[in-house]
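For reference, the structure discussed in these notes is given below.
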């Protein structure tokens, strides 16, 4: 790829005298070769940048690494992301467009530009839009709609009537539209409550591997535009994940909880059901949230509370055994003093 | 469906003058339409019930919502569950009974009423009983037995020699019969211990998506009648889950632990190995249990202890930083007092 | 199997007068039959050993169970593991070597001794070495290399360019090579960072069911020789798991964290990103680790700290509500004393 193409994508210009090199790849400062472009997103690595073999470097405006072609941008990490997308392999893994071993119900409406891998099953009345690419051994059950330019990786299961937007990525082993966990009780035995809702995944959502997203009851479970879900996450029935919210691996969200926009959940967080997590809230790793979280609030711990307060409690806990001893000493000395003053 | 059919299922009667309406669906108070039936399971929503568009409503005996046809039952939530089952879609997702792309070993004994989806593999000497419905791209390994009226969703893997009862539901991506995690050590390297046992899933069990149930060693891992297991749960080798026990998503149970009847484990709970959890015990969300739990006991926290005691400790922790300061003040004032009284 | 074959495998000898019995299986003390061999790995079960029906028993050197043929070894638990491996069923589950329904790209180089189950897909330019056995409905994506004598169970997904060593076991539903969770941000929306690295799984590694291992970025994610990973574990991009390290179910390791050799992580542990966990370190169940752990250090809790210190803090916490009351009493009595001494 020509360096000028990268500069164009980053909306910056090549320095005047810079040759329009052929760039082979983007790499880290350490692993870049002589035909690589790299990036400096943290000034503490400026020496590594100088020592990198890269021919070109994406830097923050105002920074210059001598001996390299510098592409100046506002946010070098964002520049890295965009450049990496330029270098991404785009070709499907399997011969297409539709592998002869895929089983497509004749009532499914599939755009001619869609690729479908071997062993994948597409059920009745499914609709799949332009340039969507589906891997091997997936199951797309009846009446599912998938938008354009999606990437559905091998081994994904999308259960019936799910609605997937455009430019959505769903990684291997993930199950969309499993039935929610709801039971009534009769004489000590559980009676299952079937779920009639669906799952709606809006545009530009990305979902990791081996995730489970339960269908809603009456109304859909919704993952809103631009959200990010890491591996092994559980999204229960009727949860709503707000726009541009993100959650790390192994998070679990219980039924009917609603996340606002731009919420961040760190790894292994658990949210109880029927909560509201406000816009821009942050929940620390492994926290267990049992109450609503206000917009912009940062909480952690179990039960989750204000982040700074929790940090102070955690620090204080370390001194707890010593404090217990001190309280006993105080008691003893106070009793002696009482005796003495009587 | 006729309202009289629903009333019959709920073992109640239509009010005398009520017309035997055609009911299209069951829905929530809010989402019901004019041809819906709905339910009132919590009296705090009685105004919503009055404002609901539903034609009919399932209520607790003695409650009457004016303007609706009232079906009076002991437990409206249970009435909802049963009515919802009436409305559940029952038809298989794929043409059947056995999709031509399914690969069935000729030694498997499969009842003529069984439906098997495309791409599903059934191994040697498997037995599958009446009216069981298996989805797409499943793998049922050799010598597995599956009872009648089961629902095995797309993408389930059941490993060899597993025994599945009647009316069992297993959701997509779940693995039954994976090998347990057991190792001896020789000169600092692990030596694998093969597991010779199986998994036994009794009647009326329901298992969520992307769950793992390890086979036992010598004796089987057992999920007893009527148990409920949510998504992404780990059941290790030789665990026994008692009748009508239930566990929420992302619970992990270590090897050889036994749950009694009617045990409830909230989300993300972890149980150590070789424990006994008594009948009717409750374990709070995210708790880590390292000791036996008595029948009927409620525990939470890490390490898990009595629920009420843990709640008091959690409340006290919030005051810990302030208490540390108070103890220091006490020390200082006591020293002054000592000086003064000398 | 002849008892002498077992003795030979355990590098011990049959007692002089012992007949070279046919042994049907290895079993526990309790479940052994008259043609079983069993083992005594803990002397507290010596009475069970005497009462066992087993014909032969693996014991620690110096122990003799009368009435049984005793095979004396240094470590009976290790002897059990090795004997169990002798009795393990080795035959593939499906007719082979390559099931006619498997779809193998003509550019794949597959040794003639490899078995591949029905419905499995093998992509372009894959290489699979001698005696490796792949289950049903797996997907092995383009340019993946798999060594010799591996066992890849049904439903495994190995994404493109992964490198799997020799004698590796990967259980059902596991995804190797999913894309890591990395995003830049532009105007409040996430911009995906594609990952160019791969996953390298070295020799003798064993990975459980429904695990996710993300591919690295620039450099590979690495699982080193002999490591053990239980079910539902998350390994993020660029993690390095050291030789002979082991982790229990539902552990999550964040990006770029490095485990040394012989590290043990108990169930549901979470490790933050960019940490170093030293050789031989131990992390207790459910701990959340946010700082480096020294070689040989034992930590637990959240945030994880020294194991013994954490145990003392946990014990002290139980007394916290009572201590709060005592501090209040001390305050009150001190004030009275002050008044009295004025």
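What to note about this one:
By written order: A, B and C. Residues from 1 in each chain.
Operating definition for what follows: a residue touches a chain if its C-beta (ideal position, glycine included) is under 8 Å from a C-beta of that chain, and two chains touch if they have at least 3 such contacts.
None of these values were measured; they are calculated from a predicted model.
Chain A maps onto chain B through a rotation of 120°, based on Cα atoms and reported in steps of 5. Copies chain B and chain C of the same chain sequence form an interface built mainly from non-equivalent positions, shared numbers / all numbers used being under half. With centres taken as mean Cα positions, chain C sits 26 Å from chain B. Chain A has residues 119, 137, 155, 173, 210, 232, 250, 268, 286, 302, 317, 320, 323, 327, 330, 334, 337, 341 in contact with two or more other chains. Chain C meets chain B in the complex at residues 25-28, 31, 75, 77-78, 80-82, 84-85, 87-88, 93-94, 99, 101, 117-119, 135-137, 153-155, 169, 171-173, 204, 206, 208-210, 226, 228, 230-232, 244, 246, 248-250, 262, 267-268, 285-286, 301-302, 314, 317-318, 320-321, 323-324, 327, 330-331, 334, 337-338, 341. Of all residues in chain B, those touching chain C in their complex are 103, 119, 121, 123-124, 137-139, 141-142, 155, 157, 159-160, 173-175, 178-179, 181-186, 188-194, 196, 210-212, 214, 217-219, 232, 234, 236, 250, 252, 254, 268, 270, 272, 286, 288, 290, 302-303, 305, 309, 312-313, 315-317, 319-320, 323, 326-327, 330, 333-334, 337, 340-341.
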